[in-house]
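Alright, structures below, take your time with them.
Shared chain: chain A. Partners: chain B in the first complex, chain C in the second.
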Partner chain A sequence: MLSSKSDLFLQPALIVSALVLGIGSLCLGQYPLALSDVFHQLIHFSHPEGMASQIVWSVRLPRVLIALLAGGALGLCGATLQGVFHNPLVDPHIIGVTSGSAFGGALAILLGLTPVMMMGSTFAFGLTALVLVYAIAALQGRENALILILSGIILSGFFAALVSLIQYQADTEETLPNIVFWLLGSFATANWHKVAMLAIPMTLVTALLFQLRWRINLLSLNDKDARALGVRVVPLRRTVLVCCAILVAAQVAVSGSIAWVGLVIPHLARLLVGVDHRRLLPASFWLGGCFMIVVDDLARTLTQAEIPLGIITALLGAPLFTFLLIRSSRKARQ
Partner chain B sequence: MTSATLNIQQLRYGHKEALFEPLTFRCQRGEIWAVLGRNGLGKSTLLDTLSGVLKPLGGSFSSEGGVGIVAQHFHLPFPYTVRDVVLMGRARHVGLFSLPGRRDARRVSGALEQLNIGHLAAQTFTSLSGGQQQLVMIARALVTASQTLLLDEPCSALDLANQQVVLQLISDLAHRQNRCVVFSTHDPVHAQQVATHTLLLLPEGKWLAGETDAVLTEENMHRAYGLPLRRVSLEESSASCLVPLFTIEK
Partner chain C sequence: MQTIRSIALACATLFLAFSAHADRVITDQLGRQVTLPDHVDRVVVLQHQTLNLLVQLDADKDIVGVLKSWKKQLGPGFARFMPAITSLPMPGDLTQVNIESLLALHPQVVFVANYAPAEMIQQIQNAGIPVVAISLRKDAAGQQNKMNPTMKDEEQSYNEGLKQGIRLIADVVDRKTQGEALINYAFDARAKYNAPVSDIPDSKRVRVYMANPDLNTYGSGKYTGLMMKHAGALNVAAASVKGARQVSLEQVLQWDPQVIFVQDRYPQVVTQIMSDPNWQAVDAVKNHRVWLMPEYAKAWGYPMPEALAIGELWMAKKLYPEAYKNVDVDAVAQDYYQRFYRVNWQSDAKQ
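Moving on to the complex of A and B:
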């Protein structure tokens, strides 16, 4: 763990890294641009003529922004959920929202709905999944972290089966590839409309979670302990879970389901700033954003065709997580 | 009559059914109450009820100036620093959308200094010994600024030297800081050494409450634990000691 002096320096450093990576990423792609061109276009945005301007303003900038926001959402959501569920192995999939959203999106593609309706469907089914998680918990008459996790696993499995059913039913020529590509995650269809779709709910929810970040420390205690300290655990946890569900649903709606980021980024962030959620939540947000920008750069530059994001996050995430596990168990043994 | 910090009237408590005949007793500032009784009778459940974690089944209790509790077991899922752990005790005093401020940090430092563990502030809680962890949790209860402190078997995991430290602390909290302290224990000697009053939980829902010497008689202890105890007075100690006579067949 690092001292509080370097903490002061770390958060701005992460924000600057995200900015630098973001601007750098505007140069990369099938049509490489020099850094000076990119700056020129960014400063003279009032003349939207020419190839470079089109590429920067209509293609790459919205794409980089979506990558930053989606990665940030997943990092923030992962760190929050790991805290709320007292468990460092939790990731955003655990509350069933990812699967629910994936079903909503796949259903929309199958039915040939418009992009806006597809996003609506993704969002609606994601939140439905969370409501069902709470309904299952309510049927059991208790509402603790373990019950919610188990209910989330049930819902995840159920919606995953529905997604498979849709894939099985889909036309193999056109619809199925679309569904599969969307499920693996991609920012290829990024546009300003999607940036707004992601940014508006995210700003509200992120601001709320940011204000509650010290309370996440309290929620990470066991329920009894937190209640004895005067924390109203149930309403607070519900609020936080709804925030996380909105983040995940919005992220899946614009970019498909992306695994690993929500699990690995909080661990990496803990290594940098420690376990206190006051510092962990912002660090996870910016680190997630940086990671996703890099992943997307790889996705669009490694080969001629786009590689789905889910493949790259898994290929990077698995060894990174292994490294973190080995490091922490070595540290524990010392 | 002076107002009690903890006023328990006809209290019925338990998870589903009331564990005891309705409880009535009052704890004043400066008093130390020991709670004794066999395993599983409901000592922890009583403290959970008084701390607000469990709802009472009937009757009422009121506390003036808030109640803080030190649980018997504590597990942290993340390696928080001692300072962060103690700071969590300020939850009631920090607004929902706010962060703890300088005043809260000063209270934390003050509590750690008071327990002579200021040097542990930056260490992770999980790296501490059981005795040190116990002191940290007491510090956390202190920063809640509650008039009544409940301690659930505070000495159960401690060696004799640390028991001395914690019992002295209990005494200071009540006598020097004029708080009301309630602690549960399995050792009648702890009650006799520091507790001004004792609540003795008996089988079949009965209970006795009153001044420690009046409650902890050989006869009452026999009723509570089902084995004979003898009261021994030692020249060195003002309090007498109850010694259990275990019957071991060989």
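Moving on to the complex of A and C:
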């Protein structure tokens, strides 16, 4: 157990660093704006007509907020699912929701649907995937962590194949580049609608998960022990999974699927605050947000055009994960 | 005194209102109404076909930003028609844009492809910049942003669409005379050079396969098939494939094309096909009729005026040399390039 003193200090430090990073990111971008301009715009919200105001308020701010929320959602989901499935290799992809959502989005692009319908289709197929996971588990007559993981893997594979089918069907010169860019994830088209679309379900679900944070500790014991402690494992796990599915589906709907964050961030958070979910969940949220803000800063400033997020998260995430693994195995040997 | 002042003020307001009305409204090829400033001289173009057309309309001086993949789409040689392009900012690509990079260029209009994501168009529009989408097709309502539209009459759709597209672009950058000249030249040349092969019945036409890398080809609904038709050929893929797609080798073997064409931008495909043992049974490979096309014969999904004017002629002469004994394709090409690209064109040694 970490001392409560360092704990008291750590959580606010993470929140403050996320906020500082967010405000700092408002000063970055391809449009040349002086620092003084940015802060002037932030403080005086008076003339919304000027270019500077437009850049700060309707380009950068929604984008930074979406990055924070999406990263936070993925970190939180990853931490929760790793606990629920007693498995450090789990990430939000494992329950099949990401692949389901990716299929929904790709299908919408293939059919040329409007942005709103596309978000709807992404969200709907994400949740469909979760329902199917439970259907497969129900057909087997059992519902434990292993069965759910296996069902998730089955559905991930199935939906991934459907996405490939769509890519194969798509016009290679017109639609395919669209689908590929979307699948790799981007915050390039961030706006206030999307912030709302992500923030509203997230607030509800995150609040619920946060309420359940000590019960998730119990879920991370094995099922028998949890039952012995008087927890109704199955309904609790269902609630938690539905929450995670909503988070992931909302995130994919606004920004495309983003890999690695949900896997690496919980490990990093565990290193900082330990395994207790009461502290791990908020820490994962804020760390995920910080990580995503940095990734998005790179995505929009490294070149004049946009770089897909999935490329950067993997390039940063893989070495970071390696570093964490080496560190923890060295510690274990000592 | 007070009245005079208020009248003066009213006049000033009216004047301002009118000068704001100096804006014009045009309809782009997605059927969107776009309000443009009266005079446009800062253009960002995120579609390579439009970029090519702007250069031919002598409007390259007005371009302040281009798509990132122009080199890949138009070939590095495109820089000789527009030397300034190598130093131009590249704020986005066909399907994405960095909105801040775009705003930093202060463009008055942005050209995008008809298949650019609706979100991207919306985003640029919300930032206060007019967006003009170009499809070079004249589609039925509701089909405009589809990748593989259902077309009643491909021929009409592409002919009228190309004219409409050139007129639209010319209108936006105020190069109307150049636009009409380009349309007339391209369609006149096509009519003249297509005549010798236009009466060949389908059963006698040369069966042609268009080989893009990795077994990708163009089926029906694309300009490529029309180009072949105008040159007296038959696109073997058109019967069973729709749009730009990947096909299987078995399918190609079954089609057994007599000629395989490869676009100028994929020269490696010729050697791949000629050296691959699996392709040796194909009629075109057996008879060494796998041909690399010149740059102007743009057998793309989208029609380009140079493909109509000289590309179809080149292809027809390649397939039916007897019918075109007296036509010097290189001279025709040279005339075209001099006229619309303002450069002295030399035929490449490799052709």
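Just so it is clear, the second predicted complex is superposed on the first by the 330 of 334 C-alpha atoms of A that agree within 3 Å, B and C clash if a C-alpha of one lies under 4 Å from a C-alpha of the other, contacts with A are read in each partner's own complex, and residues count from 1 in each chain.
Please note the rule applied: a residue touches a chain if its C-beta (ideal position, glycine included) is under 8 Å from a C-beta of that chain, and two chains touch if they have at least 3 such contacts.
Please read these numbers as outputs of a predicted model, since none were measured by experiment.
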With the two complexes superposed on chain A, say which partner A:305 touches: chain B (first), chain C (second), both, or neither.
second
Return first, second, both or neither, reflecting whether A:188 touches chain B, chain C, both chains, or no partner chain.
second
For chain A, which side has the bigger count of touched residues, chain B or chain C?
C
Quick one: classify A:40 as touching chain B (first), chain C (second), both or neither.
neither
Mind working out whether A:222 is in touch with chain B, chain C, both or neither, as first, second, both or neither?
first
Would you check which partner chain A:238 touches, where first means chain B only, second means chain C only, and both and neither mean what they say?
neither
Chain A residues touched by both chain B and chain C?
none
Flag every residue of chain A that touches chain B in the complex, lowest number first.
1, 83, 86-88, 211-215, 217-218, 220-222, 224-231, 270, 274-276, 278
Within the complex, chain A is touched by chain C residues 68, 89-101, 103-104, 113, 115, 117-120, 122-123, 126-128, 145-148, 212, 216, 243-246, 301
Listed in rising order, chain B residues that touch chain A in their complex are 48, 51-53, 68-69, 71, 74-81, 84, 88-89, 91-92, 94, 96-100, 124, 144
Sort out for me which residues of chain A touch chain C in the complex.
29-32, 51, 54-55, 58-60, 109-110, 112, 114-115, 168-175, 177-178, 181-182, 186, 188-189, 191, 300, 303-306
